[in-house]
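Data block below; observations after.
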Amino acid sequence: MTPALPKPTSTLPDTRIYERRESTVRSYARAMPRQFARAEGVWMHDNRGGRYLDFLSGCSTLNYGHNHPVLKQALLDYIAADGIAHGLDLHTDAKADFLETLEALILKPRGLDYRAMFTGPTGTNAVEAAIKLARKVTGRELVIAFTNGFHGMTLGALACTGNASKRAGAGVPLSHVAHEPYDGYHGPDVDTAELLERRLADPSSGLDAPAAILVEIVQGEGGLNAASPEWLRRIAEIARRHGALLIVDDIQAGCGRTGDFFSFEGMGFTPDIVTLAKSLSGMGLPFALTLFRPELDQWSPGEHNGTFRGNNHAFVTATAALRHFWSDGAFRKDIARRGALLERRLAAIAAEQDLSTRGRGMMRGIDVGSGEVAATVTAACFARGLIIETSGAHDEIVKVLAPLVIDDAVLSAGLDILEESIRVALAASYGVAAE
Amino acid sequence: MTPALPKPTSTLPDTRIYERRESTVRSYARAMPRQFARAEGVWMHDNRGGRYLDFLSGCSTLNYGHNHPVLKQALLDYIAADGIAHGLDLHTDAKADFLETLEALILKPRGLDYRAMFTGPTGTNAVEAAIKLARKVTGRELVIAFTNGFHGMTLGALACTGNASKRAGAGVPLSHVAHEPYDGYHGPDVDTAELLERRLADPSSGLDAPAAILVEIVQGEGGLNAASPEWLRRIAEIARRHGALLIVDDIQAGCGRTGDFFSFEGMGFTPDIVTLAKSLSGMGLPFALTLFRPELDQWSPGEHNGTFRGNNHAFVTATAALRHFWSDGAFRKDIARRGALLERRLAAIAAEQDLSTRGRGMMRGIDVGSGEVAATVTAACFARGLIIETSGAHDEIVKVLAPLVIDDAVLSAGLDILEESIRVALAASYGVAAE
Amino acid sequence: MTPALPKPTSTLPDTRIYERRESTVRSYARAMPRQFARAEGVWMHDNRGGRYLDFLSGCSTLNYGHNHPVLKQALLDYIAADGIAHGLDLHTDAKADFLETLEALILKPRGLDYRAMFTGPTGTNAVEAAIKLARKVTGRELVIAFTNGFHGMTLGALACTGNASKRAGAGVPLSHVAHEPYDGYHGPDVDTAELLERRLADPSSGLDAPAAILVEIVQGEGGLNAASPEWLRRIAEIARRHGALLIVDDIQAGCGRTGDFFSFEGMGFTPDIVTLAKSLSGMGLPFALTLFRPELDQWSPGEHNGTFRGNNHAFVTATAALRHFWSDGAFRKDIARRGALLERRLAAIAAEQDLSTRGRGMMRGIDVGSGEVAATVTAACFARGLIIETSGAHDEIVKVLAPLVIDDAVLSAGLDILEESIRVALAASYGVAAE
Amino acid sequence: MTPALPKPTSTLPDTRIYERRESTVRSYARAMPRQFARAEGVWMHDNRGGRYLDFLSGCSTLNYGHNHPVLKQALLDYIAADGIAHGLDLHTDAKADFLETLEALILKPRGLDYRAMFTGPTGTNAVEAAIKLARKVTGRELVIAFTNGFHGMTLGALACTGNASKRAGAGVPLSHVAHEPYDGYHGPDVDTAELLERRLADPSSGLDAPAAILVEIVQGEGGLNAASPEWLRRIAEIARRHGALLIVDDIQAGCGRTGDFFSFEGMGFTPDIVTLAKSLSGMGLPFALTLFRPELDQWSPGEHNGTFRGNNHAFVTATAALRHFWSDGAFRKDIARRGALLERRLAAIAAEQDLSTRGRGMMRGIDVGSGEVAATVTAACFARGLIIETSGAHDEIVKVLAPLVIDDAVLSAGLDILEESIRVALAASYGVAAE
């Protein structure tokens, strides 16, 4: 059967209310100037009947697609029954369900013994809690983060973020964090783990003893750089040897995006602390979680809190998602197959155009050489009904973050659009008329 | 008609899953050891059939009560129709509705010309955005906050928070903020606005030129201290004279809690920036908003962002709440009447026990002298089915944060429980057998 | 006998070498545009034969006058004999002599049991060492300093300094220090020690637990504000109660300036740490010292160091000065008598002109209302051969820092010049021809 | 003629006064437990008649030896004539002489157009002034320093210092500085200038735009690492391209130590700012200087100050030293010859013992493998009358910092002692009896 195809609307919506009342800080709506009304699965619909294929997935927040029927029904039932919507951090049925499901379907099968801390329901809050805890437990202040890392916008997390324009927004100097080169940062001949080890072992290097090493397994915003398992094991070992906690920020790469629930699975090391958010609720609801080894659970009651910690609606949908997708290995197989398809198709496009690819699993992209070209590519895609965005230090990576549940044929169809758009954009950038 | 009365459960729930898997940072569940299943209006129900009257309201997050039928129906309809749940900061029908309603029902009638910035959906994120913006616009770094102020847990907001145990959790020194004495902090004879003016006018006081003055109109966590309009006008004038922006943190005191939508209404000054969260969504969903004068809207696109900024479910319930409660003056009248009732009853209890009261509107409390006594009071209340909490530097204030929609008779019934609990607790603390 | 009188030169010197090669940061030479060649006692001589009476004394660095013959001879003998000039912190005869003399003549008679740390030979280095030690010993970070305090120009000491223009030179935010109001800062009716106690006792005041309270007994640069003994005892008690170390910065007020060797003598409290510099060497040579209770001497060898720590030439002159001036009570009596004379004369000038006076001992000044008037006064003095400078947040205090060894008649003669200059300057500022 | 030889004293001095009154922070006296009385040229004499050959030179503060007769006579004459000892930053004959001599003999012949700022007379103050100025001029906050760099002990300079134990003494986190790998830090195959360029060119590297790059040409405390001219030119170019000022800290390596007056001469780049101290006065008197391009001289009068800025005694001896040693090329030739002798001898020792050498000019050392062995070597030297010390991250480098004026034969005699001491110490460390 032929899959449904995108059917974009060509007319611009009325945006006067936004211009009048919404801050200029808004960003995505500029490149995708439509007003969206509803969405299901991989499709978003604008308010004039247009249909768009979503290869952005809320930056990996919608791994299970929009309004997945199982999750949606669970939430409707919960609300209809007057389930607790907001209860601070009181015990609720929804929370107990979530914790038990997390334990049974995620932690136990993977041999992970973590405690769960429900922070304010955004990724940046989860990162703030993680680094606070690491500093508290170790009595040290420095956090080592990496070049091109992205960890959030509040002051503690922003200090860990590499992006200069985001950092400039702080308005105060960002302290207590050192950014060290990520795997491959200085090319294939320089082992950046060795550089780090050298500096930490040297009492005169100027690098203070770190509370934590904070790392993404695949750098989502930083350009889909995927660290090698060897490098990551080395980093884990360096952290242990130097008394630092290893924090894996799995906010973008976790929840199945790279193939399994956590992005670090099967790599031969266990993080001390893990942060999750984005796709954790499964339906795009605000939800964040910081996991850590029980010995690290040295918080006093309420020492870190927040009004919306423990979003009960999100507990409900997250529990439904864990049950539906992670009870057996079927979903992992789907991701593996789709990831392979994606890898193959991107490699072919790259080969044809003499470009390079990046990433792992269903978190891949193609380096088109500059942010200008990438913006042309994504605009060309959007004109064809494909929602897709860029990443990287210069926004030069066109990234594919399709819902993990996408039908293989639809994935192919979307990649056709991408292929064509790249061809057109590159041709234009070479000053050559496209065929 | 006799109002429904609380019917607490006396048995403790099974908490093994929490002990096994939830961080010790959990706090409210310790004093209120029940597992809650559902809630509507002013009532919370545990999973064994117990019923509790909620005088905590999620720390003012549930001003319209739990699962208000109008808001609930709007949300059910939206979800059932596959309304956008998550759309980053893309334009959506839900967002447009919210902005138009905010403009029509809140901003225009009050003569306020603000732009809205949807930050990550927690109060602390809204505060971080506010102080970032103030620092960016003024090119200065220092924020002046006040003794006993509470503004959040992420590093930038935590630096503005006065509470020592929360601050200690930071693990790094908290910088770029000075805490100055709030109204009345040094007793009735010391004009703390004058102290501040003196220091800012003195080029040798050691107080750097501030980017912002960040103030709560009533300090929720800090002990329900209500600043006088005169003092606040003076602070507004000091901010203006010294080139600082005035930020009102209305996260706890806003959305009707003190009598009108904003807590600063009718006081004769207009803040430059206002933060809102807690009751903004109306149904307890994570949602936060930073409002500011259009001239201050100097953000670059995406300079401050966040995955869950613009929670569409919250747009839907917030819009429904604005329409239902703020289209005319009826709700304000209800709050005024209930606030007067609350004031009268607390004054009577205080008079009988030689205690003092605090607060304004429906945000009032009673100072029982120590955190130990206050804990005894709230435990006695809970045993009688009343959920109530404390506030203040020593947790010595028993605070009443009942839903604003509470029926007058139910409010009275709850205050009866409070009165009796205070009597019992104080008698016990004096070593005298109660009754 | 008629005392010698000033005999200023009216012509300006050739300053081309300064304009060509010296940084614009130079300051005193602007108001006193002469090139000085030699000096002895209270007199400075320019390179054209002019003679000036020195009421500045290197900002209290020359309490014993210029090139005091006893100190000078000791230094000449030492150099001629190839005494060690520089020896890092090796033991030298000169250091042993100094330590023994300090112990015998200063510490023992006053019942003070201090260890001496020779820091880099500037006041700011001594302050840096003091606050480092306080932070190390207490494990805390915050230092409480006071409005109008001045403690030095390196980053740690500058953070403790109140002056806005000096602070602005830092180029980075100055952290880990809070400036609290000094004695009398908010007028006679506000007890600023009580304000401080209140904030430190309040766990929600936002003021972190301090490592140290750093105070000047008389604020030299801040306007000759003299704290009362009661206030200082209260501050000492507050420090003790809250686990903070009391640091007295005696760099300007010590070495006899306020009447005895230390400015805090006889006040009923003992500082934990004392910093000395300026007049310590007695002859204006760079020399600084941080004294502290033996229990606080928790430094590791070399943990704080510096190439010029322990300036041996300064050991020699300092030892000679201690022996010559502090072996008995004669010098104290001289200072008391001259201080009384100074107080009386300044009071009379102030009474005549409706001005107010400041200070204590031989560290006194007169508030002429504005920096502009004060500059006119000091310029008028200089034109009459009197070197004198200003102090205070607005440079509005004309300060008399004459050498302590000044002959009473010369002191009177200098004060005559000051009196006349004030009269002339005030008349001019009122637009009235001087009598 | 046979040169004079060391004649050490074997008995320990009476150290009770130090134990009673001097802080435990003292360091050199522990390894060299004698009390020194006088010194001339390369010789130090203890108070019991012992004679020691000085291969430490006050850590390069005594490049012209102790009490050089020409400098000494100039100082004696100045003091005897009541020359100004202390004059704040007033113009004095001594200052004018120094500035004119600096201009004529140092700046002009080298084509350098610098302004001179007299900071507080210690190296750390000169560094603080340099980084303050760089931050002020650029409006940026970050300073890039290097691994193993040493720049001083006050808070601003200490943040630039790499040594962990020194850093730990700060008691507060050291901010606004990033330490990047120095030349050769990651071995011969990694071009660390390229690593730095890469990070500065990458807007997502987390390295903020720097105000300055602060570098030593040879790292004195860090282990006598000598950067190559190519690397330094590259760093100078990187600074220029990225809008940062290049600061050369020439406090230890300057004043002839590496062969010419400045250590960067002849390398093909000109620093924006240079700091000098240590040997600048020539006789070990406290003196420091910050030089910078005239366009950078954006200080306001007094914006950075200090009581002892412009030490007049030091002006006198520094001027005498410049005239005596730097009027023609003779001294440079002497240094070159002695440096070659030193290089040859150290190379031979290293070859024999399978060790490696470090350094340049008369600033060289030998890596004996560990701090323990190095301590044994220096103790063995001291027992033979040779004062010598260690350097490096692990104190593993035995460094030769003999006075530059040392007679060739005496230098050889001292190196004989070193050679023998290394042989003995290494034999002992191998558990083998020395021959």
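Note that the chains take the letters A, B, C and D in the order they are written out, and that residue 1 is the start of every chain.
We adopt the following convention: a residue touches a chain if its C-beta (ideal position, glycine included) is under 8 Å from a C-beta of that chain, and two chains touch if they have at least 3 such contacts.
As the structure is a prediction and not an experimental result, all values here were calculated from the model.
Contact with chain B and chain C alike is made by A, D.
Note: the chain lying farthest from chain C is A, by mean C-alpha position. Looking at A-C alongside A-D, one finds more C-beta pairs in contact between the chains of A-D. Between chain C and chain D the centroid-to-centroid distance comes to 31 Å (mean Cα coordinates, whole Å). Chain geometry summary: the mean Cα position of chain A and that of chain C are 59 Å apart. If you average the CA atoms of chain A and of chain D, the two centres end up 50 Å from each other. In chain A, 141, 165, 172-173, 175-176 are the positions where the chain touches two or more neighbouring chains simultaneously.
Remark: chain C residues 172-173 touch chain A in the complex. Taken together, the chain D residues at the contact with chain C in this complex read 13, 15, 17-18, 20-30, 32-40, 44, 47, 56, 58-59, 61-62, 66-67, 72, 75-76, 79-93, 95-96, 99-100, 102-103, 107, 114-118, 120-125, 128, 131-132, 134-136, 141, 152-157, 159, 165-166, 168-172, 175-176, 211, 251, 277-278, 283-286, 290, 292, 297-308, 311, 313. Across the complex, chain A meets chain D through its residues 141-142, 145-149, 161-165, 167, 173-179, 181, 185-186, 189-190, 194-195, 198-199, 202-209, 222-223, 392-394.
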